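Quick one: structure below, then a few questions.
Every chain is named by a letter (A, B, C and D) in the order it is written, and numbering of its residues begins at 1.
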Amino acid sequence: MKLTKTAKALALAALVGAGTQLASTDVASAKTADGKWLIYLSLSYSGNSWQSEAANIVKALAATPPFKDTVELVEVISGTDPQAQISDYESMIAKGADGIVSFPISSTALNRVVQRGCKEGVLFFMYDATVTEQCAYNISYITSGFGENTAQALVNALDGKGKIFLSRGVPGNSVDDRHTNGAMHIFNQYPGIDVVAEYYSYWDDRTTQQETAKALAAHPDVDGIWAQAGEYGAIQALLQANPNRLVPVTGENSNGFRLALANPDYQAIGLDGVSAGSPPAQSGFAFKIMMEILNGTREPLPEGQRNIEYPLPWVPGDAVKLCEGDKFENGCNTFPEGKVPSSFVTEVFNPELLPELSLASALEGKPTEGAEIQPLPADAVKAAPNEPGINCRQCEAPENLYHLTKVEPTVQP
Amino acid sequence: MRARVLQANALSKRYGATVALSDVSLTITQGEVHAILGENGAGKSTLVKILSGVVRANSGGMSLAGEPYNPHSISKARAQGVATAFQELSLIPNLTVGENLLLPNASARTFWPESKSSILRRAAEVLREWQITDIAPDAIVEDLSLAERQRIEITRALSHASRLLILDEPTAALPDPGWLFQQIRRLTARGVAVMYISHRLGEVREICERATVLRNGKTIDTVDLSGVDDDGIFAMMVGRSPESAFAEPVVARPDADIIVDVRNLNVGKVRSLDLSLKAGEIVGLAALEGQGQQDLFRALGGAVKPSDGKIMVGGQAAALGSPRRALRAGSGIAFVPEERKTEGIFVNLTAASNIALPKIGRASHAGIVYAGLEKKVSAEAASKVALSPRYLGFNVGSLSGGNQQKVLLARALITGAKCLVLFDPARGVDVGTKQSIYAMMRDYVAGGRTILFYSSELSELVHLSSRCLVMYGGRIVADVPRAELTEERLLAAAHGHSQEMKVAV
Amino acid sequence: MQNEKTIASAVAEQEDNRATAKISGEFVTIAAIFGLTFAMILASRAISPSFGSWSQVETILYLSSFLVFCAFGQGLVILVRGLDLSIASVITLGGVLTASLMNGSNEGFLYLVPAILGACIVVGLISGIGVAYFRVPPFIMTMAVGLIVYSLCLGFTRGTPRGYPAPLLSGFMQDKFLGVPAPVYLLLAFVVFGTILQSYSVFGRKLNAVGNNPLAAYIAGLPSGVLIVSAYAMSALCAGFTGMMLAGYANGATLRMGDSYLLPSIAAVVVGGSSILGGQGNFVGTVGGALLLTALATILTALGIEQGWKTIMEGGVILFALIALREQSFAFLREVLGKRG
Amino acid sequence: MASIEVNTPRQSRGLPTVRQIVESAFPIIVIYVVMATIYSVVQPSALSLYSIESLFNNSLPLMLAAAGATFVILQGGFDLSVAGIISLANVVVAVAPVEGPLGAVANLAMVIAIGLLVGAVNGYVVAYLRIQAIAATLATMIICKGVALLILGAPGGYVSDFMAYELTASIFGAVPIAVVIAVAVMVFWSVFRTTNSGRSLLAVGQDENAAALSGIDVARTRFASFLWAGAFYGAAGYMLAAQTATGNPNGGDPFLLLTFAAVALGGTAFGGGRGGVTASLFGAATLMLMQKVLFAVGVSSFYTGVIQGAIMILAVLFSAFVQAVTSRRNSL
């Protein structure tokens, strides 16, 4: 704790005795009294596999030597209300945080408090979701083109024509907006592609399943589904409607989805697709960059260049490979059934960036036996392009914003 | 012939399929006190509502002092000089007397509110004008007794009535109509007409000149009260000639069992009260407003917990924490409260369901209630209070007040309790219903059971009680035996006087 | 004399009409909800040729069953003048416990089901006791209990619900019988059971009485407190059951699986003609409300317009239904019926 | 004659009666002060001007929303449209920012007009068409959210610098403007409740029937309560925009349940007749302060909700306890 007992007693005395202005003496300066960095892990919503894995990764890293002895990590869950996260950020700044690694609930509402924190010398590292305040570091895959790449993959699988559903995220959310814009950029090029239903699934398996079932009632003859997280629910809905027919589905990284993609029975009745999207490992990457900057082994980036892109995972059906052990080794990328829940988001490891982690880290936040924090490779940090409303405010997006990086069009419009 | 104040021609009012008023006409002249007589459900309340602007007639017309009169709201009616004191008091409980008197515009200014003291000053003037000296303008209404509230209700109407004052059962909670009659006389002296609705024929004869009788929503006749006797009026109201309202009173045998025995009861205003009720007697209770009778009845019914005392029911000590316990204590006590609407009936349930509720198990097989069975179960109790079986399938909310009261009493009967505790069971119900209630009470005690009842009408107590207790200041000050029962005797005792005192009414 | 007789019989007749009119009014409201739902399904043919088909009706029935289950409990709580905001969390609790305790095996299914539902009932008992005996406003009590339950689910799962429901359960949710999904039969059975419980059972009658007039119920010797607590317990039971079914449907649990049922459960009850003030309500109407809401959502999902417009249409249809289904709108109709009768 | 209970007019000036204290915001103020004390002891920097400023800036939108909802709840209604109107006002301000102090006034006028418009729809449907308030306002909430999504598809936009910086600062470097606004609302309420409209509002909530028979226009009073509520929700959305400096089409969602929790914590009875805006303001401030206290005492993990829920129940029980104790004394 930053505030020692003596300090507290002093503060109390000052409060009771003089009852006067107690200037905030405990601003972020260096390390805590016992020589540790005070780092907050600030979550907004917690309660799905993705969020808890991302948090567990940070917790596991913080418990891995040498961070084990140099970092005091405090986890705070604020809930879905931006006001609550603002309030908690304020409290962290007041407590003298050295760094805050956080999943921000809103890309815009937190800007003011983040800006103030920066002035007080607090490092902000956002993972996955972003803020548009330029003094914060955004470590995110969002700019890596999930929408357009998966859309192209779906178009390829459908040979350029067919009725499709869009299973989106949360209405009025900037991430959902970015993904969908990217996807529509591709779909719009193909007149043969007909988006017959578009619905919001809140990045949740069960909601996806119900919403897809509703859409299937109107369009049982759908040819493909473009989905964001929750994609496994879409497959369940398809099977429920007709156990003998599946269609190509693109989606994110749930273990259940990847197993389905690799399932020969499913492939035989029409399943095809690609698993891409948001990796929980971003949190660990963010945390490690932050620690390197704090420890002085890495130069801080200048303001305005703090958007860092995390590479987009890309696993087509034929690339699904089951892991034997508890790590991504030998190019494996999926766990066998029963080892993890189907909602488990598989992209928790990164052999280059996060070699310290194992399955226990992601599931329980435990450090890997014998592991030590490895320095990040020199070329680990890749700048992300500007995207207005995502990682910057009044800025221009590059012209080739939606250029394809993972897949080539195999059919022409 | 005096000038006409109100002329109503062929008023009709329907509620859905129900015809509440059909073709009612009447004329009220300047300075007249005009009675409206009729049984419950005859259409009096609907007439009052139309005249005061609460509802509008479907057809027919009215004129007020020669001008067409068709008020859309209470305020419009008031603006034309018609004000009403409602039977269900229309005061806001958590506002002061002053604010209530001046509603809806307590503050005389629109934009910046008038100061509290200035409002109270104006209210105090109103109170002074209508000779109310014992109620402070800044008292909160919910702290007042029912009688005090009724006087405030009347005062508010008095202060607005420049042409016509409508009084709907104004004496229901007033033990003494003296003040009211005095104010009515002052008002009529100024030429204001008064429409007076009451079940109490005695009062009506004292203050009114003419009466219009309604039956089944129609005008029967308008008569000069001096020209008809009570039987004649009764015949017009009910459509048949009256039987004697009060049959021979019942008296308990001296050696009868004691069913309820209360020792040293302390609850609310009740102070160390002793009481015993024997099988086969109807014990009346007389008291002025607020002498602790509510507390006593509610304690016996289990609705409030006594702070001290011992209650034996059917020979067993009973802890009456709740009405449920009261019903189950020994041979059981069933309580019928005074507030029919708020504490008695379930408006959305049928009469049969209302009655059968305490014995719902008997109307069901395997947890399922059968409507037919329910009717069968409730029919016997219903017949005891002369409730027509036709009504059993109706929602209670759509029945008249008298029938609702019968439903309540039938529910008390069905519990099988050996003691009934009835608080003013015949208040505000018509003559026919009263007779049924009295008959039920006699029949009930004849089966070796007992009744304690309170009534605000002395005549009822005198004629019905086997003996009558009188409460004053939380204690029982007199136990008047059958032979000595007179209204004067009760009234004197109720004022805390010895029996020789003369009481002017 | 002759004249008097006619008056008397006229009065009797009037009053009879009054009673029958009341019944037909309720009946008309319920019939109108189902009619409106049906009309909407037919009209939706214009959007997609697959609409208006039996398979769409099947989907609507299937998906509405979850809402019907939890709206029944909500309806009972509303009947006793309460409101249950904890159902979202209790649905989650039911789902999370189903997935984690059954853990993908049929072993112990028969005792796990009552154990899980029992845990949910305990939550309802706590809410009910707070409301009935400690006089905490239902809004605050159930919201706080919901918060606590959710938080406990979060802690219990460490943020990641694990496991799968028993294959028996997930198999049942997938099964078809005579070409119709098995849960549709469950729904029908539940509607019959719920209607009997709410409107024709001793328990339901007592709940009606307490909701209608709590003071009168107390004076009449009904155990009001016990009844109110049992309404909340029933609501939690229904919510837990909903969660269990949802876990079976989705073959697993998520922590926000209950969120999308809170407001719709209240809306279904109110659109179905029950009074939010308690003491009046009919489960068949609630079922109609749930079907209406589900059919609307199904149609909107398939509609190719912007989400904003969809949302506006959703609100607009609810508002329209409320206005069209209010009693006054049938006054004319009833008058005609009344005159004829 | 009837018994005489009140023989002499009671003195009404001077010390407030026990009843007045109980019906006022007293219990919730006690709770608030206790929590604030705990907070400032555990975290002394809470007393710095900046901390106070940020706390109140953060709390003000909820306080205004709770104030608005109180008008509707006092007359016995319910208003879920709060979430929709706040979202709508929030995006409108962020999409059409007008610079400068006058611009801020223009923006305020816009959102209040929106609030009044939605309030008028609510009021008409509830008061004149007699649709159940909870269902009708659920529908208008959904519609407002749809409109907000059409105006702004994803979080973004920006508000004028004046709103973002001046309105969230302090006057004379000492009193946060948020506090000034909250106090202004309290003053407004203390005047409003003594106007005829204010009395009508409380009277309708107490006893609708009696109010109607007293000549109060019940439907108009109901209608007006929704107008007031709408205006306050609009202002809440406005202050939310000022505080976050952006628009969010889902910005109002978290307010839905919190608003009513704040009103209930303040002791205003659902069903109407008792309570007040001041109490609701403190209820809202308490909820926001709770977040701070929980952080400060270190309860901040999966189980935060357990503590939050428990505190809400305890706070209501405490208010009931104060009421019971004082009214017992009152009756003696």
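The rule is simple: a contact is a pair of C-beta atoms (placed from the backbone, for glycine too) under 8 Å apart; a residue touches a chain by one contact, two chains touch by 3 or more.
Here the structure is a predicted model, which means the values were calculated and not measured.
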Number of steps on the shortest touching-chain route linking subunit A and subunit D: 1
Chain whose average C-alpha position is farthest from subunit D's own: B
Rounded Å distance between subunit B and subunit C, as computed from the means of their C-alpha atoms: 41
Distance between chain centroids, defined by C-alpha means - subunit A, subunit B (Å): 72
Distance from subunit C to subunit A - Cα centre to Cα centre, in angstrom: 37
Approximate Å spacing (C-alpha centroids) for the pair subunit C, subunit D: 31
Numbers and ranges of subunit D residues touching at least 2 other chains: 148-149, 153, 301-302, 304
Residue list for subunit C, restricted to those that touch at least two other chains: 154, 158-159, 307, 311
Residue numbers of subunit B (touch at least two other chains): none
Contact graph of the chains (line, ring, star, complete, other): other
Full enumeration of touching chain pairs: A-C, A-D, B-C, B-D, C-D
Subunit C to subunit B touching residues, read off their complex: 4, 7-8, 10-12, 14-19, 21-22, 196, 200-206, 208-209, 212-213, 215-223, 279-280, 331, 334-335, 338-339, 341
Subunit B residues within the subunit D interface of the complex: 54, 73-75, 78, 84, 86, 88-95, 99-100, 103-107, 110, 112-113, 116-117, 120, 124, 134-140, 143-145, 147-148, 151, 156, 174-176, 178-179, 288-291
Subunit C - residues contacting subunit A, complex: 44, 47-48, 50-51, 55-56, 59-60, 62-63, 153-154, 158-164, 174, 246, 249-257, 260, 297-299, 301-304, 307, 311
Parts of subunit D lying in touch with subunit B, wherever the complex brings them together: 1-10, 12-13, 19, 23, 191, 194-196, 198-200, 202-203, 206-207, 209-217, 273-274
Subunit D to subunit C touching residues, read off their complex: 78, 80, 125, 129-136, 138-151, 153, 257, 260-261, 264-265, 269-270, 301-306, 308-310, 312-313, 316-317, 320
